[in-house]
Amino acid sequence: MAEPLLDLRGLQTHFQTFGGLVKAVDGVSFNVKAGEIVGLVGESGGGKSVIGFSILGLVDPPGRIAGGEIRFDGRDISKLGEREMRNVRGRDIAMVFQDPMTSLNPVYTIGRQMDEVLRLHTNLDEAARRTRCIRMLEDVGISGAESRLDAYPHQFSGGMRQRVVIAIALLAGSRLIIADEPTTALDVTVQSQILKLMRRQVQETGAAMILITHDLAVVSEMADRVVVLYCGKVVERGLTEEVIRSPAHPYTRGLLDSIPRITDRQRRLRQIPGTVPDIRTLGAGCSFRGRCAHAQPLCAERSPELVPVRGSLDAACHFPLQEAL
Amino acid sequence: MQRLLSSEFVHNYRHNIPAVLGSLLVLAFACLAIFGPLLVWQDPYDVSQLELMDSFKPPVWLDGGDPHYLLGTDGQGRDVLASIIYGARISAFIGIAAMACSCVIGTTLGLISGYYGGMLDAVIMRVADIQLSFPSMLIALFLMSAFGNGIGMILIALTAVGWVVYARTVRGSTLSEIQKEYIQAARVAGLSDTEIIRRHVLPNVLTPLIVVSTIQVGSFILIEASLSFLGVGVPITEPSLGLLVKEGFDVLFSGIWWTSAFPGLFIMFLVFGINLFGDFLRDELNPRLR
Amino acid sequence: MMNLRLIATKGILFAGALLLASTALSNQLYAKSLTVGLTSDAVNLDPQAGEELSSNILFYHIYDPLVRRNADLTFGPGLAESWKLTDDTTWLFSLRKGVKFHNGEELKASDVVFTLDRLKKSLMANLGANIASFKAIDDHTVEIKTPRPYAVLPNDLAAVLILNAKYVKEAGDEQADLKPIGTGPYKLVEWVKEDHITLEANKDYYAGPAKLDTVVFRPITNGATRTAALLTGEVDVIQDLNVRDVERVKSDDRYKVLMRPSLLNVVLSIDQRDKSPTIDLDKNPMTDRRVREAMVRAIDVSAINKVIMNGLSTPSEQYVPASHTGYLDGASFRDMYPFDPGKAAALMAEAGYADGFTVTLDATNNRYVNDQQIVQALASMLGKIKINLKLNLMPKSNFFSYIRVPSDKSSLIMSGWDVPSGDGGSMYSVMFYSRGKKEGYGQVNRGSYSNAQVDALIDKADATSKLVERDEFLQQATKILMTDIPMIPLHYEQDLYAAKTNVEITPRADKFLWAYEIDVKE
Amino acid sequence: MLGYTIKRLLQMVLVLFVVSIIVFLMMSFTGDPVFMVIPIDSTQAEIEQARRLLGLDQSLFSQYWIFLSNLLQGDFGRSYVFRQPAMDLILERLPATMEMVLVAMAFATLIAIPLGVYAGANPNRTASRGIMAASLFGISLPGFWVGMMLIYFFSVRHPFLPSSGRGETIEILGLRLSIFTADGWSHILLPAVTLALATLAIILRITRAGMMEVMRQDYIRFARAKGASRTHILFAHGLKNALIPVVTIFGLQLGDLIAFATITETIFAWPGTGKLLIDSIYRGDRPVIVVYLMLTAFIFVVINFLVDIVYTVIDPRITVK
C-alpha cells in the first residue's frame, strides 16, 4: 500500500503557561491519503485547531511541537527549517480558517492577496497569474471575477469571503488542504453551499483535505474518514459511515446524540453532561471518565490505548460500545 | 472587583517585575519628598545656612568633593542633594495637584457631557477637540506667558490642558453606561439625575481614570519642568526640579555638570517610576488588551 | 662656482616667488575681518524703531550722529563739524561737507531735518525730547531750538543717527529697517536673522576707512555658549563674558578679558507715599528717613559684590558715575552709611519699628546680571533688621509695565538706570523731580519722592545753557538726595568682554562695541 | 472628497478664529507692550504717541476688529518690536524650525518603526523587553535635560559637535537649509536627536501595541499559511494594519515636535520660530505671538487633514466624509 500523503505519528504539541504545561495535542496519530477527506471532530478546546497549526509549523511560543512526526509525502516536515517550511505552506499544504471575516487582510485587495500565493510559489508572469486568479474566482462561484479582483475584503459578504479564502487555498495547487471550521461563522444557508464547493474542488483537483469541525453532521456529509479528538487525544477513528452508524466510544456517541435529527423531532436533544475538563489538571486514567455514563473504576486508573475495536474503528476506551443493530 | 483586587490583580502584580520596580521607585520618591527635609542637614532656601565659600563643590567622589555635600553644591553653596529633595516636593506637588484638579473638572464635565448630551455636550466636546489639536506644552507655555509665573498659575495652566482627557474618557464610558438597563431601571425608580450619576455612573467610569491619572502625573511633572526651564514656570523662590536644571544650564559649559545633571536624572527616574507603574495598571485595568 | 651661481640664481628666483606670494598674502591679509559674538541679534536696523543694545551697536556702524560720543563719554564732532549757540536756546550745527551715504547721496541739511522730523513721530521720540524746533539754514547748516536753555543738547544729539531722506522715503519704513543706508563706517552686506550680520568697511568713510574690512556679528544668547564659541575660535570677541568663565579665559594666554564698569546703576526705589501698596500698616514706615538709612546700612553691598558678582561689580557711590554731570566729588553712600547691622537695628528701633514690617520687593528675573540672586541676598540682609522682604520676581516683559508710574502696586522696586549721555540731569529730572508738576519731569519717579529744593535745583540746572553751572546745581541736588535717600544705589555692573589676544579693543563706557575702533594685529 | 475638504476648511477657519480671540484676550493680561519698546524715561505724551503708532490706543475690541479686518486683506499685523510684518518674521524662521522638526521626525520614525515592529512581533524576547524599558525611559526624559547632557558630552567634554546655531546654510528654492552641508549636519545632529527622543519612544510604543494587536489576527496566520516570509508578514501584512494609530500619533507628534522645538531651539540657539516665540513672549510682542499660534494652528489642521487622507490610503475601509 502506498504511503499516505500525510501521516501523523504520535504528535505532541505542548504550551508552557504560567499555570503549568498544557498538552494541547497529546500523542495524536492518524493519516490522510491522497484525494481523501478526513474529518477531525471534537468539542472546542479539544486541540483540533492546534493539530492544523502544528502540521503547518505555525505553532507560536509558548507552544511547541514536543514530539512525534508529521510525515508529509514521506518526509517529516516537523523537522524542517523555517525557510523550507515556507515552501511547504501554501504550495503543498494550504489552510482555510474559521472566520472569513478576519482571515483576509483588510487593507489589500483580494486580487493582491491571491496573487501573493502565486508570486511566492510559482514562476508565472503577472498576466498569467492574473488569469489564474480570475479563473479560480470563477471556479469558486464568484461572478464578475475580473472586477472583483480589485475589491477589498470588506466589500464582500461572509460567504463570498470564504469562497475567496478557499480560492486562495486552492490557487497554488496544494495537495492537502486543512479547513479549520470553514463554515462555522457563516449563515446556515451559506454553509452547505460552501461545503459543496469545497467538496467539488477537492474532487476536481485531487487534493486531500482535513476538515476540522465540531459538527459531526458536517463530517457525515463530507468526510471519508473521521478522527474524534478529546482533550488532545484521539478517542476514536474510522470510516465515516461506520462511526456515524455505530460509534465505539461513548464520547462519539454523545456527540452524535447532540445532533438534531429531522426524524425524531419529539426527542429532546441530548447534551453530553459536564464540560471539557482543564487539561492541566488531568491525572492518570481516561480523560472522559468524568462525563461518561459507563465509567468504571478502571477508567480512573489507567488511560485507555487506541486499539482496533471492530471493522475500521479504532477507539481508546476500556469499555467500547457494542455495535448498534 | 473585590475578587479581582484580592487575587488576580495582586498575583499579576507580584509577578510583574517592572510594576514592582515602578511602585518601589514611586514609593522611594514619595518617602524622600515627605521625609527628605529631615534627612538633609541643610535647608537650601534658608540663606543663613549657606556657606558661599563652598560654592561649586563637585560631588563627593570627585577631586575636591566634600563629604558634606554628597552630590556637590551650586553657585551659592547650596547642597545639590538638598535642593533636589526640596525641588522634588514642589515638582511632585504640582504634578499631583494639577492632576487632581484636572481629574475633578474633567470628570465633572465629562459626566455632564455624556449624561445630558445636547448643546452642552457639543460645546464641551468642540472645545476639547480644538484643544486637542494643540500640543499641551504649547497651550501651557502660552497661558504661563500671559498670566505670569507662580505655582498657582502653573496649576491653572496644567489643569487647562489636562481636563480634556478626563472629559473625553468619562463621556465615553458614561455614554455606554447609561445605555445599560439598570440605569433605565434606576430612572424608572425615580432616582434623581445627580443620584444616578453619583451612585451608578460615576463608580463605573472611574477605573480607566486610574491609568490616565497615573500617567498624567508623570507628564505634568515633565511639562512643569519644561516651563520652568523656559523661565515661565515656578519662581526662583520655589524652585522645582526643572528650575534647578535651568539654573545649572549656564554653568554647564564651564564643566560644572552636577548642578543640572542630578536634578534632571531625578526627574527622569521619578517619571520613569510613575510610567512603569502606570503601564502595569494599563495592562491590568484595560480589558481590551487582556 | 658654477654651482654656486646656479644656486644664487635659484635663490633669486625663489626670493622673487616668495615676494610675489607674500604680496598676494598681504593683500589677503589686508582684508582683515573680525567676528563678534553678541548677546542677541539686532532687532532693528532702523535707529528710530528701537533701542536695545545689539541694535544700538549695529546702528553706530551703519549710521553717524551729528555729535560723536567717544569711548570715554567725551563728545566731539561727528557729522557736524562744529556747532555754536546763537542765543540761550538756539543752536547752529555746521555739517561736514562731502559726506556720502552708502547709496552715494551726499549728506545735506535736509537729511538732518528729515531725520529729526521722523524721530519726533517715532517710538523713539524721547531721544528728541529736548528739541523744540529745527530747520535747515542752508545745505550744510541746521538750526535747532531747545524749549529752554539746555546745555547738553550735543550730548543728546549723539544718540540721534542721521538717515538719508531720499532713501527712506523711497524704500519705505520696512525696507529702511532691513536694508539700512547711512553714512557710517560700515555697510550692511547680509542680515540672516538670528544667525549673523555681515558688514563691510565703507571705503569712503569721512574719517577714513575702518581698519577691519569685514565684521560679522553673531548672536549667541547663552553666555556659556558664547565663551565656548570664543574658545573654539568661531568668534574673535565676545560681549558679556560670563562671570563664571572669567578665570578660565584669563588662564589661557591666547585670550584676554577686558572689563569696564558699566553705567548701569542698580538701584532700589523706595516708596515715599504715606500709604504703601504692599505694606500692611496705616503709615508707610519707609517715609521715615531713619528707616531708609537703616535699610542702606543693613545691605552689605561688598558681600553682594564678592559672592554674587564674583567681584565683578562696582558698589555705587552715588546715583550717577563719576564721569557724569551732577557727580559730587568725595561723596559716597558707602562712607556715609557703611554696612552696620547694629546701627541699622538701632535706627529701626528709634523710628519705632523695632519689630520690623513686611514689604514686597518687585524685581526682574532676567534683566540684570544675577538679579535673582541679588534680591535673595537682599531678603536675607534686610531680614536681619526684621524687614521681612517678600519677593515678587517677573520677567522683564511684565516688569516694566507692572512698576510703571504711578507704581500703584509697588513699595520697593529694584531696577537699573544708565545715562549714556553722561548727563546726570537727565536722570534727576525724570526720577527725582516731583511727579505731575511739569510735563517731561518726574515720569519715572517710582517712589513718589518730592522735595521742593531738589525740584528748584533741577529747574535751575535746566535753565542755564552753561555746563559748569548745570553741574553745580546738580551737585547741590545730589547732596540733598544722598541725605534724603529716595533710592538706594547698589552697584554698577561690570561690562565684561573677552577677545583673542591679537584683537586690539578698548571697551567703551556706553557698551557700544564699535569695530571702527578695533584692530587685529598679526 | 470635495465636500469633506470644504468641511475641514470651514472647521479650520473656525479654529483659527477661536484661537485668535483667545490669544487676543489672554495677551491683554500681560504687561503693556508699549513699555517694552520705548525708552523707559519717556513722557506721557511720548507714551501716547507710541501707543498710537502701535495701534494700542484703541480698545481691545477695536484692536481685535482692526486685526481681523486686516487679516481678511492678508495683513497679519506688525511686530511691536521689530516693526516688521509678523508673518514675514515667522516665515523667515520657519525653514529652520521645520528642518529640525522634520529631521527629528525622520530619526524617530526610521528607528522607532522597525524596533516597534520587532518588539510587537516578538513581545516575549529579552531584546523586546529591553526595547520597551528603554522606550519608557525615552518618554520619561526631560527633553531639555537630554539636550544639555548632549551638549556637555559632545560639545564641552569632548568637543566634536557644535552646540549652537545652524552652521553653514545653502539657499535652495529660497529656503535657507543646513541639511545640505556637512557643517549644517554637524549642527543639526544634537538638536534633532534631543527633539526626536520622546517622539521615538512614543511611536515605538504605539507601533508595538498595534503590532501585538495585529499579529494575533487570523489574516496574519493566513498569510503565514500561504508561505509568506517573516519580513513580508511583519511589514506588508502586519505593519500596514498597525499603521492607523501610528499615523494618528505621527500627526500629533509632529505638532508636539513643533511645540517642543521652542525648548530645543532655546538650548541650541537654533534660529527658528520657537526661539522667536519665546523672545516674543519675553518682549510682550503680541502680534508675533498671535500669528505664531495661528500659523501653528493652521499647520496642525493641515497635518490632521493629511492624516485623514493617509488613513484612507492605508485602510480602504475608511472613507472621508
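Each chain carries a letter (A, B, C and D) given by its place in the written order, and its residues are counted from 1.
Methods note: a contact is a pair of C-beta atoms (placed from the backbone, for glycine too) under 8 Å apart; a residue touches a chain by one contact, two chains touch by 3 or more.
From a predicted model like this one, the values you see are computed outputs, not experimental measurements.
K.L.:
Can you tell me which chain is nearest the middle of the complex, judged by mean CA position?
P.N.:
Central chain: D.
K.L.:
Comparing centres built from CA atoms, which chain ends up most distant from subunit C?
P.N.:
Between subunit C and every other chain, the largest centroid distance is to A.
K.L.:
Measuring from the mean C-alpha position of subunit A to the mean C-alpha position of subunit C, what distance in angstrom results?
P.N.:
Once rounded, the distance between the two centres reads 91 Å.
K.L.:
Where the centres are mean C-alpha positions, what is the separation of subunit A from subunit B, in Å?
P.N.:
53
K.L.:
Could you work out how far the Cα centre of subunit C sits from that of subunit D, in whole Å?
P.N.:
Here the centre of subunit D sits 39 Å away from the centre of subunit C.
K.L.:
Of all the residues in subunit C, which ones touch at least 2 other chains?
P.N.:
Residues 222, 225, 228, 366, 395, 398.
K.L.:
Identify all positions of subunit B at which a residue touches two or more other chains, and write them in rising order.
P.N.:
148, 231-232, 249, 252-253
K.L.:
Return the residues of subunit D touching two or more other chains; collapse runs of consecutive numbers into ranges.
P.N.:
30, 155-156, 163, 281-282, in rising order.
K.L.:
If you go through all the chains, which pairs of them touch?
P.N.:
Contacting pairs: A-D, B-C, B-D, C-D.
K.L.:
Going by the contact rule at the top, pick out the subunit D residues touching subunit B in the complex.
P.N.:
Touching subunit B from subunit D are residues 15, 18-19, 23, 26-27, 29-30, 133, 136-137, 139-145, 148-149, 151-152, 155-157, 163, 252, 255-256, 258-260, 262-263, 266-267, 278, 281-282, 289, 293, 296-297, 300-301, 304.
K.L.:
Report the residues of subunit C in contact with subunit B in the complex, numbered from low to high.
P.N.:
222-225, 227-228, 242, 244-245, 248, 307-308, 365-366, 372-373, 376-377, 379-380, 391, 393-395, 398
K.L.:
Show which residues of subunit B lie in contact with subunit D when the two form their complex.
P.N.:
Answer in residue numbers: 18, 130, 133-135, 137-138, 141-143, 145-148, 218, 222, 225-226, 229-232, 242, 245-246, 248-249, 252-253, 255, 257, 260-261, 264, 267-269, 271-272, 274-276, 279.
K.L.:
Residue numbers of subunit D touching subunit C in their complex, please.
P.N.:
Against subunit C, subunit D makes touches at 30-46, 49-50, 53-54, 81-85, 89, 92-93, 155-156, 159, 162-166, 169, 176, 269, 271-272, 275-276, 281-284.
K.L.:
Could you pull out which subunit D residues touch subunit A in their complex?
P.N.:
Going by the criterion above, the answer is residues 124, 217-219, 221-230, 237, 240-241, 314-317.
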